[in-house]
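You will see chain A twice below: alongside chain B first, and alongside chain C after that.
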Partner chain A sequence: MSDTASSRLLSGRSLAMAGGLVVVGLLPLAAGASPYMLGLLISSLILAGLGLSWALLGNLGGMVSFGHAAFFGVGSYASALLAAKLGVPVLLAIPLAGGVATLSSLAMLPALRLSGPYFALAILAYAQIFRILATEASWLTGGAAGLQRFPGLPTVFGFNFAERHGSYVLVLGMVVLCALIYVVIRRSYVGIALRAIAESEDATRVVGVNSTLLKTWMLMLSAFIAGMFGALNAHIIGFLEPDYAFSGIWSVMPIIGAVFGGYRSVIGPVFGAVVIYMFDQVIAKSLIPVGHQILLGIVLAGMVLLAPNGLAGLVGRIFSRTGGKHHARA
Partner chain B sequence: MLETRNLSAGYGAITVLWDVNLKFRSGALTAIVGPNGAGKTTLLRALTGLIPHTGAILLDGAPLKGKTWDLAAQGVVMVPEGRLVFRDMTVEENLCLGAYPERCRGDLSANLERMYSFFPRLKERRSQLAGSLSGGEAQMVAMGRGLMAQPRILLIDEPSLGLAPVIVNEVFDIIRRLKAEGTTIVLIEQNTRIALSVADDVHLIRTGKVVMSEPAASVDLDRLHDLYFAREGQGA
Partner chain C sequence: MLALDGVTVRFGGLLALSNITFTVEKGEILGLVGPNGAGKTTLFNCISGLVRARGRIGFEGKDMTRLPLHRRARSGIGRTFQIPQPMHHLTVRENLTVAQVFGAGRKDPARIAEILDVMELSHKADADAASALALQELKRLEIAKALATEPRLLLLDEVLAGLESNAKRSFMLKLRELHALFGLTIVIVEHDIETISNLCTRAVVLNFGQLIADGTPAEVFSNPAVVESYTGTAHA
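Right, the complex of A and B next:
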């Protein structure tokens, strides 16, 4: 950690992490996973990206969000509508949708004055506003009947993103990119300041940190990332309705994934989301077809009890035990 | 020079400080002494904008501008009381955070080395979590973090609080060195004896008002204590 003193933002370690993510991520392709399996993996990576955006706000910004479905839904509708009504190329519509989600997050700025559970409750209520908007503004969104006719992912230089393998690679690349952005921020002055804010906002202000501004940036960035993954998901699924795009699932699953994987690390939310989603879909569903989510709850409770820092903490603990990592003086 | 004119401040409906007029000379160490609840910390919190105030705060004759976080950029840096360090961060991360203002980010390693010359022990502890430090070390981290901001005016709140006498002496040796280097220091302290030993000017605050302002050289400790404990009848 002492190399925070150096201004090298992308250390060898974080690049190795990104490389490792790509290699692990490409394994299913190399192993010739079935289209069904790839479909599940794509969904799990969408949740992983959403989990990263949630953890960015939760871990760095110190704000627990129960409303990421709002950003996800706004992103998915924005991208679908931009592509369908204005003819914006899909690969451009996706980042633009992230921008629209960022704009929607500005409506939440008053909630930044709240902290802890009050913030969480405010954002929970806030998420409902957009579901209602999407339902009522039927002239634009198609209302409760949904939105069906919008373009899917394109083919670029002969590489078909609409096909399962292509979508998978695109989503994987986005997850890795967001993980790198997260790492760069965490290692910067801003990242150190954000961690300090979580401990004592007054003491952080005294050293010259505009904490309100930094928290605003984190909220906007988190909304941007969540919106982009919502957009990706929309173009892959090809169908939107308010109850789906703004479903509480999009608020809850990233939290479960991040807590399971270890929300304090960068890699935890990614692996947590993938492991939890695949477990739910492949194992839990085959054991209990209806109400399989109950197994998720049991697994999560077990994880919190046995390894409060999640998968990432568990792996770290095993490594420090075998590697004989030197311990700081108590 | 930092100066307050008719400064009043408090919490909500409760006013703690009443019309405080103080001058903090450049290059000097000004000690603010007074009993518990006199308003010493409130004064620092008002100076740094953590709580609202009425009246004026002037830096070199011009009103101090901006919010709390703008002050560090202007060289007005506070070392909060209670050895407030960020416990889940390493010592060095704590220190680096002190260099957050744009103008301090230039040569971070030179800045760190200069600070470590004051606190050699912190260099040994650089990669340790600040939460695991002893009280004296934590106080040093809090002061080191302040130094990293290359302060023109350093506001130190109760550095002796809860520390063993040996450690208090160590902390005050460092304060003496800082003063010798020309840093303007405002020191809040309950320990009048040790405050007098380093101060150039002394102000006594009691129940939110300044009741005595004198050069430290001319302060008589007995008379100061009479005022401190409000024993006017028996004094002198």
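Right, the complex of A and C next:
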């Protein structure tokens, strides 16, 4: 964060990264990927967005969350209900659902006093509370039977977001937008202070940083993003039930993706989620149809042991060995 | 400038500070002295807000007792830690900039450059992450970081510890320079009697959480209670 760099929160490199993401992301469309493959890629991008929201809290806020399923689930239900019961247009319901997930995160504020495993356990319990609420409030959520009849993604200016290509472009755009938001925050003084808080909270507070406030902002933003991706996912798949919307998968997979890709970088959680999900669904499932997750575990363990900084760190190392510049802060 | 009135801290059954009452005048360099476990760092923690205390802590006429730590820093109380706690992954300049933006509420690169210059850290400003600095440089960064918050009261916790005698002497001169240049009031925790005698206009001695002497260094170090606290005979 030199002075010049900090004054330009979105540097040329960040925009190049965003452009690169868009280009790489559009390759499957250019290559004529099948609807099945696009469906898998959409799911992987949903996880990528969720991974970004997790990393925002874990990397910048220093808070390891095992409960992002709560925000994802709340966002899913909020958007579906807003659209189905109040007739809110879906593209408006999605950010509103992010807002509802943000509100739900306020209940977690007392947990910000906790750190490390205590915070992780508290937020894990919190996710369970919301799953139970969604099951029990059947008058609103349909209970365990779930919700089936709510609007899907709309057609805007002739572009059908409900169709696979349209959904893919929308989710990809959302991931790129969230990555840019992450970059801007990371490069700001708030982001730098947050990373310092993760190292030594007291040392940061004695220079005037209100660590509780900054961590609250990160929790709220993280919940907002997770809620929006939950909402997007709900309108794409067209059904919801508590065990699905609040499934532990939504807490665990973003962590696996972020760790695999390199949670300290911005790009790591995105590529990590896409690579690990596609590996699981395309390769591991074809090799071991039942219990394919075991391969996922082996690959993740290998990555953690051989490249603790994930894919992003590995690529950086390869670049530095081949004479390229090693950008530790990709 | 700083007024402590009946400051008391308990950690469970342990009375870490008992009814500490004294004032620090503007422009003073006050030495806070005492054997290990006397409560010096705990008192710093109370003043800076890391530890909640009973009693009253006043700063420039305002009651700080219930203010959170970051608000006290923004009010003009800067502090260092005995073991330097830089923001490790940031460069020296970034450490100072974060401290200035949040502590002083403004961004002034010229002021940062001045602090870097005075603390002889200019050559390291953008070179490496703070984690790569040597001990003496880390101690200078610790002070520089506190200065970046633009404090009027600076609490220095054993900044001279671990330095060899020449380094200690030059560091002492540096502290005098900072005192004059930035118009600071300084409270320094230090074990070395010679350092306190040379640097401070006044010394306060703590032992087992109690204030046992307050006066000029010469008066304090000739006080039998202080001598006993250092030789250990009083509580042996």
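Here, the second predicted complex is superposed on the first by the 317 of 330 C-alpha atoms of A that agree within 3 Å, B and C clash if a C-alpha of one lies under 4 Å from a C-alpha of the other, contacts with A are read in each partner's own complex, and residues count from 1 in each chain.
Rule of thumb we're sticking to: a residue touches a chain if its C-beta (ideal position, glycine included) is under 8 Å from a C-beta of that chain, and two chains touch if they have at least 3 such contacts.
Bear in mind that the values here come from a model prediction, so they are computed numbers and not experimental data.
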| item | value |
| --- | --- |
| Chain B versus chain C as contact partner of A:205, first or second or both or neither | both |
| Partner chain in contact with A:195 - chain B first, chain C second, else both or neither | both |
| Which of chain B and chain C A:160 touches, first, second, both or neither | neither |
| Shared contact residues on chain A - chain B and chain C | 1-2, 189, 192-193, 195-196, 199-200, 202-211 |
| In the complex, chain A residues that touch chain C | 1-3, 6, 189, 192-193, 195-196, 199-200, 202-211 |
| Residues of chain A defined as touching chain B within the complex | 1-2, 4-5, 7, 189, 192-193, 195-196, 199-200, 202-211, 328-330 |
| Residues of chain C defined as touching chain A within the complex | 48-50, 68-70, 73-74, 78-79, 81, 85-90, 93-94, 97-99, 101-105, 109, 126, 145-146, 148-149 |
| Chain B to chain A touching residues, read off their complex | 48, 50, 67-73, 77-78, 80, 84, 86-90, 92-93, 96-98, 100-101, 105, 108-109, 112, 125-129, 132, 145-146, 149 |
